Each structure stands twice: as structure tokens, then as C-alpha cells.
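So, here's a batch of structures to check.
Same chain, two partners: subunit A is paired with subunit B first, then with subunit C.
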Partner chain A sequence: MPHKTFFAFILPSLIAMVLFIALPIVSVVVQSFHVEHGRILVEVESCQPFGGCTKETRVDTAAMAALKAEQPMGQFNGFGTYLNRGHLAVNEIGAILANNNGFGDVVTRIYNLPFYKALSFTLVFCFVVTPLAMALGFAIALAVNTLPKVTKGPVIFFSLLPMIITPLIGSLILYWMIQPNGIIGASLRHIFSDPTLSLRQSPQLTWFSLLFYGVWTNAPFSFVVFYAGLQTVPADTLESAMIDGASRWERIRYIVIPHLAPLATFVALVQLMDNFRVFEPIVGFSAEANATSLSWMIFNDLAGDAQLFGSAGATSVLTIIGVVILLMPVLVRTWREFNHKVV
Partner chain B sequence: MSEATLSHKRPLGLNILIVGFIVIWVILAAFPFLWTVWGSFKVEPDFFSRESWWNAILGTYTQRQNDGSSFTGSGYYGAWVTKEFWRAVFNTAIVTVSVTVISLTLGTLGGYALARSGQRYAFWILILALVFRAMPHITLVSGYLLPFFQLNIWGVLPTSIIVLVAINQPFTLWMLHSFFLSIPKDLDESAMVDGCSRFEAFRRVIIPVMWPGVVTTGLFSFLLAYNDFAVTSMLLSADNQTMVPKISSFLGSVQEQGNVMFAVAAVVSATVPLFILVLFFQRQIVSGLTAGAVKG
Partner chain C sequence: MKPFLTLAVSAVALALGAGAAYAECGIEAGSVRILSNDFEALRLVNTTAAECAADGVTVTANATAEHKNLQVPALSINPAEYTVAVVANNSIVPLLNADLIRPLDDLVAEYGASLQPNQLIKIDGKTVAVAFMGNAQHLFYRKDILDQAGIAEPKSYEDILAAAKAIKDAGLMEYPLAASDKPGWDLAAEFVNAYLGTGGEFFAPGSAELAIDNENGQKVLETMKALTAYMDPDYLTFDANGIQAEYKAGKVAMMVQWGSLAGDMLKGEGAAEGVVANTVMAGAPTIGGGSIPAVALWWDGFTIAKNISDEDAAASFQAMVHGISPEMVAANPTVATWLVSGYEPGPNAVGVIATANAGARAYPMQPYMGLLHTALSSELAEFMAGSEDATQALSDVKAAYDTAAKEGGYL
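Presenting the complex of A and B:
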């Protein structure tokens, strides 16, 4: 296809991506180097007939508005926002490392810094939910594959629901059930005969319920992909393995799993990307006291009355760096394969 | 696979294990939805019962407050009429339909070009799209807000629509690219030998055969627009909210007033279209998920 035709075809799509994906990334980077204007204070003297005169310091709103109109992004701050307590917290970490009571103390104190708290939950969510959901999905695929044809359709229908559901709505539905006055929460209290048990109160249980939600909503995707993969496992190989006396488990281990391995890489990649942006369940579960994520931090900065663009920008840039690190193995491999093909 | 002969030899214990596992999974997947649909017709002291969840099944308080009937539509009335949820439904319809149509128009053209080009830069555009696909939406939103305030286009539906279209492009391009690869090159090339230009060949030969792939991709574009929370909650003003941000705004204001049931009713209302979608397009959804996997 000639270059001109190619670009004529792809231009609308390319313009949309450049304007609304590439430029915002640039805008985020620029924002992250700026910080909101400080308050401009003026001293006002107010005199009353009998009370004498008092001096007051007030915020000069007119001057603030003028300054904001002039420099909407705020003042230049360099890497200041990146290094402050709300982000990488360089000084705080230095202090913790210089003066602490052992390794455990270092970990808890670093965990209490907002950025590291969010980062640790995001990473745990990514690397716990993805393998568990894939394992569950694989198990469901194996089981559904043995079912008679009539029941396969309805089972697949119900299995798709947790995946297709709006993340915020799905997390709300589960949240309402695990509340102390919901069915699961109440039953758990009954089972453990502990009338104060609440999945919201302890950080561990909040994490557990969020991870449970993650597996619940991610498993169907692995299931569907692996189920489709199972249909392409060569029957001859399976049969000859049976003749050679391979057990059921050995057939799965040495034929089915190697056959599905390329699919598993794909599923892992997609789910890691999606889980890294974990955000809606934290809103749905109102879990921000015990678990925050990088996306939630950005949302929190932007949603407040004083929109902290600088802070949100810095977290966004750090998140993007995280995404790139996550994608690095794939990018490097694609790069190598591509060069290989050309040579 | 010769299913019949294999299942013959499966021991009974294993069969019980398999069926039990499937039953547990189906309950796990479906029960939360059934429970919430059932509970949305109760009053709050029943669905969020402090005494026993049997109240939610029997509707003890619902009967008391409702002259003996154990079902009530008050949650739905409150959400749709009092809180004007219908406005959000209307906005969602506009946003999802526009996003789907525009994404597919741009995506088919771009995906076709990528599938037929074979040049180096086509490959790099695909890799770039993969990186863009991985960007968390909220990081992009924090880049939009300030420019949109400056340009005075914040808060209206068209802005959200075009942003969602752009966010959706990487995925659409990948899907349609792999779909167009499966249509033989000879088809449009022979049309071009017969004297068609590239665009005419696309219009006369490719468009008539591309619908299965377009329908599948369209389903996922629809889902992206329908399920989005990050973009629509930050970029739409309160009057223009779509369903998902509207529900989240219910939670802030409604929970204090003790009317959580409005939110429950709204959640069930927003789930119904998804149910219908899966019911009618189950095959397309499954094939769409696997198409990306098997080929990409």
C-alpha cells in the first residue's frame, strides 16, 4: 500500500490518539513540574468607632485570581512535587533509614507514606490477582470442557457476568453483601461467632475482600481464552499419550499446559495491564482508609475542591513509568523478534 | 476431541468433583446479581438487615411498610423519578452509541490500513497503540482537565465522547487489524486489478464482508464506554452525568439520608442492559476475546 493511501486511511485514528492520548501525557509531565500558587496575603486595617483599629491578614482574592489567570498551571516547582512527602518522600525515607528500630520498623514506617502505601497495594493486587485468576480460569475451563453440550451454554453465560459488569457496579454489589448487615457479612459473623467482625475494619480483611473481588472479576477472561484454547488441543497427541499410559494429570501437565502457554502469556499481559490501574473497587468498597492505589491517589487529588494538578501530575508520571516497566519484557521481546525478522 | 470415549472412562469421584466445582463457580458468579435484583424490591431494613438476612428473603419490614405486600418499587421510584436517574440513562445512551459508531468508523479505516500496509511504521504504530492501551485512564484524565478548563469545553457530552473514542482506539485498531488480516488479500487486490482505487475496493469489497468483525469489536467499544467511571466522573458536569458517575454520586448524598435503596435500584437498572447484551451476543463476546488471544 502506498504511503499516501496508508496515511489517508489511518489519519483520523492517529489524530485522535495523538490529541487525546499523547498530548495529555505531555500535559501531565508539564503539570507535574508546577505547583499551585501560594496564597497572597494582605494586611487590612479595619477601624471601628469605639473599638479602635485592628490589623488583620487576609487572602487577597483579586490578586490570586489575576495570578491564576496569568499562570493557570501555577508556579514552576521542578522536581519538588516528586520528592515531597506525598510522593517519593526522599527526606522522610532518609530519616527512616538513618534512625529506626530494625527492619520491621522501616517497612511499617515506609508503608505509612501515602505513595508507598498506594504502590504496595497496587503491586500486590497486580501480582496476586493475576496468577490466582488465571489458575481459577484454567480450572473452570477444564471443568466446563468435560460438560455435556446442553449445559455448556448456560454455564458460559453466567461465567461471563462478573467480567462484563461495570467495575464500580460489580464492586458495589459485592460490597453490599459483605457489609455487616449484608448476607455474607452477617453469615461470617455467625460462623465465627464474633459479633464485632467486620470486613471493613481491619486492613487485612479489606485487602482480602478487594483481592477476592479482583479474582472474581478477572477469572472469566482467563476462562474464556483458555476454554477456546482447549478446543485446539490436538486430539491425536492426547490419544497417543493415553495409549502410552499417561494419566489424566500427566496429559494436562505435559500436553495441555504447554499447548496453552502462549495464550497464558497473552492473558497475563492483558490482566497485569488492567490490574495495574485498579481503582473502581476502592471507590465501591469505600476502602480508602485501608487500601489505596496509584489511580485512586490521582483521582483523590483531582476530585477534591482544591484540585491539585501538580500532585496528580506527579503521581501520573510515576504511574506511567510503572506501566512502562511492566511492559518492558514484552517490548524488548517484540523489538528482538522484529529485528530478527528483518535480518 | 473424542469427548464421548474420554468421559466414559472418567471415574465417578472425578465427575462429582467436576460438577461440584462448576456448581460452586456458577453460584459464585451469578448469586450476587440475583441477590441484588431480589433485594432491590425490598425496603432498606430488609436488604441491609441488622437482625437476619432471612428478612431480605421474606421481606418482613417490606410487608409492614407496604400493607402486606413483600415487594416494593419504592427504590426504583426514588431513583428514576425523585433523583432523575432517567436523565443519566439518556446521557449514557447518547455517549455509548456515539462512542461505538465513531470508534468503529475510525477503527475500520485504520485497522484496514494497518493490515494491508506491511511497512515498518505500521508495526510501530501497533506497538505504540499497545503502550497507549496500557495507560491507566485516570492518568490521561489528569492531563485533560486543565486544558479543557482553559478551552472551556469541560463538562459537556461531546468532550467525553471524543475522549472515550480516543482511549478506545488502540484496542479497536488491534482487534480490527487482526480481523482484516483474516480476510484474504486477493479479495481487494483483484478489485484493484479490475480498476478500483484502494478506497473503492474497501467500500465495494471489504465493507460487505467485514460485519462479523465489526460487530464483535463494536460490542467491546460499547462496553468500554458503558463501564467507564474514571473519564465520565471527572469530565462531566453534574447535569450531564452518565449512569456510573450518577450512581457513585448517589452513594455520597443518599447514604446519609438512609436511602441506599435508590442506589441499589439504580445499580440493578444499569445491570439489565449488560445482561441482555450477554444473552444475545454471548457467541460474539467469546469469539472476540479469543480472536485477540489466538492471533495476537
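Presenting the complex of A and C:
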């Protein structure tokens, strides 16, 4: 294809990508380097229906408007926001490492910092949910593939349900089911004969529920992709393996899995990216006390009465960097395979 | 607090109310665009204001729970997307900080004859908002349960703890208490409430320096934690609606709940037998032997955007004055605790009024209060879950607040 034609083809999507992906990211990066102007405070008298009049501090809006007109982005703060306690907490970590009572103390105190608390759950979610969901999806795909034609349609539909449901609704449904008077919560109490058992009260059980939800909601995606992949497994290879006396497990191990390996890379890539942005289950499960994620931190910065755009921007950039680091091994591998094929 | 309670149901109001099929707002032309939170009382005000629509006068209203996120961008553009922003103590602050609302003194003088002086929110001598309803958390309790345990109405958190112990010991209820301790806005509000009750100030006078790391702060956290011993172990997942449901189900004997949910409680939809009939609304409890109710008082009021034409501003002001008119209030006394003249408090307002009369303090309006609220909302969770002590929690709050306040330009 001539370069010109190729360019004409790709131009619309290129424009869309620049407008809707590149520019917003640039704006977030720029935002993250800035903080608000120093507020000029004045004491004024304020009167309310209750309690009469009191002296209160207010922002001097006229003076602030002048500052803002001069520097609309606010003050340049460089990497200040990235390094503060809300993010990488460099000073705090330095203090902890310089003065502590052993390894356990270091871990507890670092975990007490909001960014590292969120990062730990995010990483655990990523690395527990992704492989488990892929394994479960693969198992479902294998099972569905052996079903007779008549039942395949409905079974596929039901297996896809967790993915079709909006994540927030899905997590709310599961959350209500694990409540003490919900079907799962009540059954667990009965099984363990512990009338005070509640999946929501301890950090461990909350994490367990969130991970369970993650596997439940992520499995269908792996299932669909692997199921499609299974249709392309060469039938004659399978047949010859059967003639050679290979068991079902051996056929899966030595024919199906190698055949699907490139697909697995793709699924892992997408799932890791998705799971690194875990957010909905935390809100849906009301789990903020025990588990937070990087996306939840961004939400928290923007949802309060006072919005911190710089802080949210810095967390967003750190999330992007995190995604890139996570995907590095997979990307490197894909790149090598690509080169290999060309040669 | 006298005007708040005036029972002057004026003959004028009744006379006007009789013929109010067609609203006569006296607006000649203009566009009224209202942005408000989404609950019954505000929807009522919006629909009443919409009666002013006529030839050349359009009235539209957007009642949404996302109003706080919309208001600043929507009022920053010129002309503003909304001419009226309905706000409360906390949500007026971003509008004031960004200078997006206009002083209302001229409009009040010209069109505000039906307003009472205590409805006017004044800052630096200028009226910036007109309040029309009040709200506060206060005590809801089950008289039958307390009677069985032989306890009188609790007046303080210490009484509540003693009562909870008695109820539990008597085997009447396993978890007699409930509070909206869900990390986030609710949990932070619980702290702010109790801290107001100690009489302490949140900030050093005249600056944004945080001042809660003291014995008052310790006392508040201690009390909040002590209460959880008598709560459902899932207390960290309950917000105001959650405890409302638990209480209605008959599982809770005492809770400090929003006055704006008292009407819903008295309606009793979905409540177990005998719960509503035995529920008493009382003033909010005090804390640590103090005399100030340990809750924040809230007002809801309207503001008029700065970036709109004077004609639209006048039309909006008149429409809103009609929306909160004494006739509307006389027709709907049970919907809210109105601050409007001629309001006769119904059974749903008893608790809020008792709380206000006992001298509760208003939710602080400092420009940096929102930052503190956010810091509290995420940093108290570990303390409440029991994995951190009060000293650590308070120092975490201070660290989180300082970080945010530096970024916000306040420190």
C-alpha cells in the first residue's frame, strides 16, 4: 500500500487517538506538576441561621483572581506532588527506614501510607485475579466445547453473564449476597456454625470477597477468547494424538495449551491492564476501610468537597507508569516473537 | 433561635394560599435555571418555583446528587449554565472560593419581603445565600426497649453507652446501637459532629493550621470507638440509609440519624411491627460532660450565579422566593424543618429543633474544611476497624490534611 493511502486510511483514527487519548494524558501530566496558588486569606464576619455571627476566614477572591489571571495553571510544583505523603512519600519512607523497630514495623508503617496501601491491594488483585480468572475461563471453555450443540448456546449465555452485568451492579449483587442475611452470608454462618461470621468485618475476609468477585467477573472474558481459540485447534493433530493413545489431559497439555499460548499472552495483557485499574468492587463492596486501589485514590481526590486535581493527576500518571511496568515482560515477549517471525 | 420557632402562622399566608392556583411571581421576563441536590424537600421547592413559568419566563430545574461536582464548572462559564445553585453549609464554600455567586442585598431589598432576617447568610456584611431549611442529626430511640431496660431518655453519649450496656445485658438486643460509620463522607461527619460537641475549634484561629490533635480529638475518637462495641460487627459498612434500614428492621434501639430522614421513619415504609409507634425523636446527645449537642447544624439555601444577566438574576431570585414561600411551607409542613416564616414544626422536626435550641454549632464554613473532611474520611477507617490507636489516627489525619492543604495553597 502506498504511504499516502495508508496515511489517509489511518488519519481519522489517528486524529481521534490524539484528541481523546494523547491530549488528555498530556493535560493530566501537566496538571500533576502544578498546585493551587497560595490562598490569600482574610478574616470576615459571617452570619448564619444558627449561632449568629462569627469571625471566619475566607479566601480573598479578588486577589486570587489577579493571581489566577497571571498564572492560570497555578503554581509550578515540579515533582512535589509525586513525592509528598499522599503519593510516593519519600520523606516519610526515609524517616521510617532511618528509625524503626525491625522489619515488621517498617512494613506496618509503610502500609499506613495511603499510596502504598492502595498499591498493595492493587497488585495483589492483579496477580491473584488474572491467573485464576484465566484458568477458570479456560476450564469453562474446555467444558463448554464438549457439550452437545443444543445446550451450548444457553450455557455460553449464562457463562457470559458476569461480564455482561455492569461491574458496579455485579459487585453490589455479590455484596448483598454475602451480607449476613444474604444467601451466601447466611449459608456460611450455617456451615461454620458461627453466628457472628461476617465477610465484611475483617480485612482478610474483605480482600477474599473482592478477589472472589474479581475472578467471577473476569473469567468470562478469558472464556470467550479461549473458546474461540479452541475452535481453531487442528482436528487432525488431535485425532492423531488420540490414535497414539494420548489421554484427554495429555491432548490438552501438549496440543491445546501450546496452540493457545499466544492467545493467553493477549488475554493476560488485557486482564492485567484491567485489573490494575480495579475500582468498582471497592465502591460496590463498601470496602474502603480495608482495601483501596490507585483508581479509588483518584476518585477520592476528586469526589470530596475540595477537589485536588494535582494530586489526582499525579496518581493517574503513577497508574500509567504502573501499567507500563506491569506490561513490560509481556510487551518484550511479543516484540521478540514478532522479530522472530520476521526473520 | 427565636425566629426559628416562631409559630406565627400568619393570616396573610393563609389568605394568599387560598388563591395560589396561578402563581403570581411578578416576573416579567427572564430565564430561571436551578441546580440542586436531589431529595424530596428540594424537589418540592423546585416544582413550586417552576409555577412561575409564564410568557417570556422559563423555569427549568436539575435536581441531582452530583450537584457538588457540577456547580463550579457550570457557574464558571459566562453566561452560567444555571442561574440558581441550591447549596448547604459545605457546598457553598467552593462557590465562594471561586467567587461565582453574587451578593443578594439589592434583590432582598426589592423582592424579599417574605424573608426573615435569620434566613440571610451574610459574609462580610453581604448576603450571599438565602437559607430555607435546616437539618441536623439527632437521637432516634425506641421507647419500648428503653422502658423494658428501665432507662430514661439518654442525654449524652455516656448515657447512650450505659443504656446500650443495660439493653445488651438484659438480653433485649444484641446490637442496640448504630451509627453511619462507613468510611467516606459519613465517617468524617461523625467525627466532625462529636468534635463540635466538645466545643473545640478545628483550626488555629485565623489560619488553616489544624488543631484537632488534642484531648478533645482523643475523647471523640475514644467515644466513637466505645460505641462500636454495641454495634453490628459490620458497622464500617453502614451509611445513613443503612442504619435507617437496620433501625426499621427493629434491630437497633438508639441511633443518631439525620433529621431529614425522620419523615421517612415516621412514614414507616418497610418497618417492622411496633418500631415506628415506639420511636421517639429527641435532641442530639452531648459528649464528655459538655452542654453542646455533639452534632453539626446544616442549612440548605439558594444562591444566585454571578455570570448571568441582571434580568435573569432578578427573575431567578423572585422564582426562588416563590419556591420557598410561606404558602408552600404551610401546605407541606412535614417535608422538612423549614426556616420560613409561619412554619409550624411537625413531629418530624422535633429532634432538629430540640438540637438547635440546645445550642448546637453549625458545620464550619472555612474554605479548607472540605480538605479536613476528606482527610478524616479516609484516615479514620483503620482506627475504627481497630488496627490503629487514636494517637496514630490523629497524626495520620494531620499528615493527610497538611499534604492536601499545601496542595490547595492554604498552608
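We take it that the second predicted complex is superposed on the first by the 275 of 343 C-alpha atoms of A that agree within 3 Å, B and C clash if a C-alpha of one lies under 4 Å from a C-alpha of the other, contacts with A are read in each partner's own complex, and residues count from 1 in each chain.
By definition in this document, contacts are C-beta pairs under 8 Å (C-beta built on N, C-alpha and C of every residue); 3 or more make two chains touch, one makes a residue touch a chain.
Quick caveat: nothing in here was measured; it's all calculated off a predicted structure.
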- Message: Looking at A:Leu41, would you say it contacts subunit B, subunit C, both, or neither? Reply first, second, both or neither.
- Response: second
- Is A:Val224 touching the first partner subunit B, the second partner subunit C, both, or neither of them? first
- Query: Of the partners subunit B and subunit C, which touch A:Val59 in the superposed model: first, second, both, neither?
  - Reply: second
- Note on the structure: Comparing subunit B and subunit C in the superposed model, the one touching more of subunit A is B
- Message: One more residue to check, A:Val233. First (subunit B), second (subunit C), both or neither?
- Response: first
- Touch check for A:Asn101: first (subunit B), second (subunit C), both, or neither? neither
- Message: After the superposition on A, what does A:Asn112 contact: first (subunit B), second (subunit C), both or neither?
- Response: second
- Message: Just checking: does A:Thr196 make contact with subunit B only, subunit C only, both, or neither of them? Give me first, second, both or neither.
- Response: second
- subunit A residues where the subunit B and subunit C footprints coincide 179, 301-303, 307
- Message: Taking the touch rule as given, give the residues of subunit B at its contact with subunit A in the complex, in rising order.
- Response: 1-3, 6-7, 10, 14, 18, 21-22, 25-26, 28-30, 32-33, 35-36, 39, 47-50, 52-53, 56, 105-107, 109-110, 112-114, 116-119, 122-123, 125, 127-147, 149-150, 162-163, 165-167, 169-170, 173, 198-199, 202, 223, 226-227, 229-230, 233-234, 244, 247-248, 251, 260, 263-264, 267, 270-271, 274-275, 277-279, 282, 285-286, 289-290, 292-294, 296
- Note on the structure: Touching subunit A in the complex, subunit C uses residues 1, 4, 68-69, 89-91, 93-94, 96-99, 118-125, 131, 134, 182-185, 203, 206-208, 233-234, 236-237, 239, 297, 299, 339, 356, 360-362, 365-371, 373-374, 377-378, 381-382, 384-385, 387-388, 392, 396, 399-400, 402-404, 406-410
- Going by the contact rule at the top, pick out the subunit A residues touching subunit C in the complex. 35-39, 41, 43-51, 53, 56-59, 61-62, 64-65, 74-75, 77, 81, 84-86, 92, 112, 114, 179-180, 196, 198, 200-201, 203, 286, 288-290, 292, 300-308, 310-311
- Item | Contact footprint of subunit B on subunit A as seen in their complex | 1, 3, 5-10, 12-14, 16-17, 19-28, 31, 72-73, 139-140, 143-144, 146-147, 153, 155-162, 164-169, 172-174, 176-177, 179, 181-183, 186-187, 216, 220-221, 224-225, 228-229, 232-233, 235, 238-239, 248, 263, 266-267, 273, 276-277, 279-280, 283, 294-295, 298-299, 301-303, 307, 309, 312-313, 316, 319-320, 323-324, 326-327, 330-331, 334, 338
